[in-house]
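Both complexes below contain chain A, partnered by chain B and then by chain C.
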Partner chain A sequence: MGQWFAENGLLIGLALLDGLAYAALVFMVAVGLNMVFGVLRIVNVAHGSLFAIGAYAAASIGLFLASLGLPPIAGFAALLLAAALVGGILGPLIERLVLRRIYGQEEVLQLLVTFALFMILEDVQKLIWGVQPIFQDAPMKALGTVDVPFGEDVIPFTAYQLFVLPGVALATLAGLAWFLRRTLTGRVIVAVTTDKEAAMAMGIDAAKVTLLTFTFGAALAALGGALASPTTSLVPGIGAQTIVLSFAVVATAGLGQIEGAAISALMIGLGRSIAVYLAPEFEVVVPYLIMVAVLLIRPQGLFGRLETRRV
Partner chain B sequence: MLELHNASVDIAGVPVLRDVHLVVPPGGRVALIGRNGAGKTTTLRTLMGLLPIRAGRVLIDGQEVTGLPAHRRAALGIGYAPEERRLFGSFSVRENMLLPAEVLRLPSAETARRLDGVFTLLPELKDLAPRRAAGLSGGQGKMVALGRALMVGTRAVLLDEPFQGLAPALALRYAEALKRLHQALPDVAILITESNPELLRPLVERTFVIERGEIAPA
Partner chain C sequence: MSASDRDAPGVAAPRPSMRLPEAGLALAGAAALVLAAWAVPWLKFVLTIALAKGVAVLGILLLLRAGQVSFGHSMFLAVGAYTVAFLAPAVPEALLLLPLGALLGGLLGLVIGLFIVRYRDIFFSMLNLALSMVLYSLLEKLYDLTKGTDGIRVSALTFAGAVPDRETQEWVMFGLALALALGFGLLVRAYLASPMGRALAGIKTRETRLEFMGVSARRVLLFAYVFSAVMGGAAGTLVAMTTRHVTPQLAYWTSSGELVFIAILGGAGSALGPFLGATAFELVRVYAAAAVADAWQMILGGVLLLVILFAPGGLWGMLTSRLRGRA
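Right after this comes the complex of A and B.
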């Protein structure tokens, strides 16, 4: 054991750091997916496309700003701008034109429609950005690396992945908890999530809340993609990978759980990256093994509550 | 106050209401009696604007509201307490009752006035106010649902089988609360559904009977 650890210790350290950064990104996507499901009662397969388009848009805007001769730090503005644009434009378009027509319909139909939307958006990405990898890591480079002490060794790790990604995820977690609990708009979203009809009978405009929630969830997914873009080369298929992992996170946490989504994103992010370093052949299955293990013991998810008694 | 004219409503393509005609006068107390599945809940949901109507008209205070969404009807002063009490479980009882006032952007003086009114009618809600709604018993939940409906319903409240599942002592308290409601706020119309006609007889002035989606001749 000691021998094994001496040989693999650095790898484990690197896997933990990588997993933390990855968990932060998956959380951003999963938490939006969760909110959207809560209000719309639709499992939106195309949520992953918003992640991918957010990533591509951030890279394009970043490259454009760099071509104007702006300093690399301007790349951070590109990340936020991309998230706002993708959420603010695609969000309302998708909700109004597509999703609004399938509320309350059979789940199979809803899955087919959002899957079709996912396929269409995949092709739109290829149409706009092509299939060649795009790489724009200016924001990550601008912050440099930090030497993280690990046992007797040090691991050089990018400050961007070490601080920015988990920082944004934590801020999102805290901000959302505050927003949903303390603001009227937040409480209205919770009310519609809990019981749409009762909420409408209390004077809540459910159509407006639905549009708002979807736009917000779309912006979170796009922000996740934008934040991911400096850490990886963008290729077709990143949307699919993300949405599938986010499903695993949401299922593991239990629906409607925001703090729970953070914890299960951490479990799945860490589990996946430990597999990447130590047993790469299991990279793809580990998140699902975690999910299946959790659901076998708690079918409602780690933090999901069973329906409260009605009578 | 509330009028349903020749209303036909389908749910998932199946006709549930056929040519229903029902009128609740201002301040009137009306019972809608029928078996399970007769169309009582559908009638209330149609009045509230929660279901699309296939044919017919809905009027509130003589104004046509047939296409008006539910939240706009709530703003007109129609309160609704669904059969399952359906409170917002993660909110406190007070938050449940204040939410409609906040959503409708009532001035704080008006909110306080309505809340006081509800506490006077249903004193037990005062003690429950800080409790989480998810932890209430069935009977307490029904009282809170009534209180919440009254925060909205300044002109009418629609109560869907409020006595269903209440222990006899609680049912008695609920009935007394309804009597006090009528004395305190005689202008508020009340429409109650129930499967047992005897229960409501002392509380209402007029009874409609619904059978298989049609109002039976009196």
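Right after this comes the complex of A and C.
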């Protein structure tokens, strides 16, 4: 064991750091999906497309800013701008034009409507950005790397993945917890999540809350994509990949759990990146295996509350 | 398939929606397909795939009756397809591979079904999705075995020992798909009219009532799940034998989404719906891909949205309301 660790310790360290950065990204997407489900009662399959479009938009805006001669640090403005634009435009558009028509309908139909949206958005994304990989890592490069001490060794790791990604995720987590529990708007959202009819009876404008929540969730997905964009090259299909992963995170945590989503994102992120280093063939399988294992033991998810079945 | 189900088709189900001459429509539809395949030779391929997918969608339809939607059902299709791809070099006989693929699909369905029938609604969908993604990832990553995303070319097949030329083989595949479509269609109809099939609707409305009546909801769902997996496996063998090339994409969650799409497009009201939906889907796909290569998905998505928002009964629903209106 000691010798194995000496040989593989560095890899484990790298896997942990990677996993942390990865978990941060997955959390951003999953938490938005979770909030949207809480209020709308719809699992939004197109959520992954919003992630992808956020990523592409961030890369494009970043490249545009760079072409103006702005310093690479301006790339960070691009990330935020992309998230705000995608969330602010596509969010209300989707909610108002499409989702609003299917509230309260059969779950199957709701799922399929968002699947249709996913198909449409995938092609929109291909039409705008093409199928060639796009790479824009200026924000990551701008911050350079940090030497992380690990035992006797040091691991050089990008500051962006080490500080920015987990930092934003933590800020989102804390901000959301504060927002939902301490502000009026947040409490209204929680009220609608818990009991829509009772909330409406007390004078809450559920339509407004729904619109707000969906827009916010869309912006979180886009922000996740924007944050991911410097770390990877963008290709068609990242939306499809992301959505299933965030499903896994949300289902593992239990629907409607925000802190829980953070923990399961961490489990899945770390699990995956450890697999990347130890058994690369099974890298992609690990998140799903974790999810299936958790649901086998706790059908409502790790932190989900058991809902009594309707009689 | 179990022979006991065979005696039911003659007994018309006394449901109002079954008043239409489904059998006549099915035969007319089959004749129209044969005619189309004969008149436009290249359509034969498209229609064979459509029929194969229709068989898989019959399985989706069973689960929809119970109010459950499997967003991972194409994994059974992939099992059937890879069965053909792996075994064709050793056992090139199509008429052996077909039942074998269906059997393996059913076996996987039984293993997964044993625990998945404990879940409902969104968890049922997502667990199916997760498991299909596990299969997808394995097919993609175990390169030595599966050649990864390149996929496997299906080696030459024999049909009852004979090696037909290309034209004949296309007709044979088309005929096989049509025969399976009709056969499984009849079986599904009989099954849905049987007490086991009726109980599926009970899961959708009030599961507790079933349990009070002493019917195990899990067993009812398990039977439907395995049955649908068998049809998925059979459909997969047809797809592999027709396209002669299998890739992990078959198991990807978007392929499963397509199957559910077809089920809703065709309408879940009748065993004919899946075939109506699959034919429409494949034709739209072919023409949309030819007309606007980069936006065929968008067109399909748009069609799906329109169907759900404005014609919730699907094509079958539109057809029946037409026919009823005239009668």
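Operating definition for what follows: the second predicted complex is superposed on the first by the 306 of 311 C-alpha atoms of A that agree within 3 Å, B and C clash if a C-alpha of one lies under 4 Å from a C-alpha of the other, contacts with A are read in each partner's own complex, and residues count from 1 in each chain.
One rule holds for everything that comes next: contacts are C-beta pairs under 8 Å (C-beta built on N, C-alpha and C of every residue); 3 or more make two chains touch, one makes a residue touch a chain.
Please read all numbers here as calculations on a predicted model, not as lab measurements.
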Contacts of A:L184 with chain B and chain C, given as first, second, both or neither: first
In the overlaid three-chain picture, which partner chain does A:E122 touch, first (chain B) or second (chain C), both, or neither? second
Which one hits more chain A residues, chain B or chain C? C
Which of the two partners, first being chain B and second being chain C, lies in contact with A:I297: first, second, both, or neither? neither
Could you look at A:M200 and tell me whether it touches chain B, chain C, both or neither (first, second, both, neither)? first
Could you say whether A:V108 touches chain B, chain C, both of them, or neither, answering first, second, both or neither? second
Doubly contacted residues of chain A, that is, touched by chain B and again by chain C: 309-311
Of all residues in chain C, those that touch chain A in their complex: 64, 67, 69, 71, 115, 118-119, 121-123, 125-127, 129-131, 133-134, 137-138, 140-142, 206-208, 252-254, 257, 260-261, 264, 294-298, 300-302, 304-305, 308-309, 312
In the complex of these two chains, what residues of chain A are touching chain B? 184, 187-188, 190-191, 194-195, 197-207, 308-311
So in the complex, which bits of chain A are touching chain C? 43, 45, 98, 101-102, 106-109, 111-113, 115-120, 122-124, 126-127, 240, 244, 247-248, 251, 255, 280-285, 288-289, 291-292, 295-296, 299, 309-311
Listed in rising order, chain B residues that touch chain A in their complex are 45, 48-50, 69-71, 74-75, 79-80, 82, 84-91, 95, 99-100, 102-104, 134, 138, 148-149, 152, 165
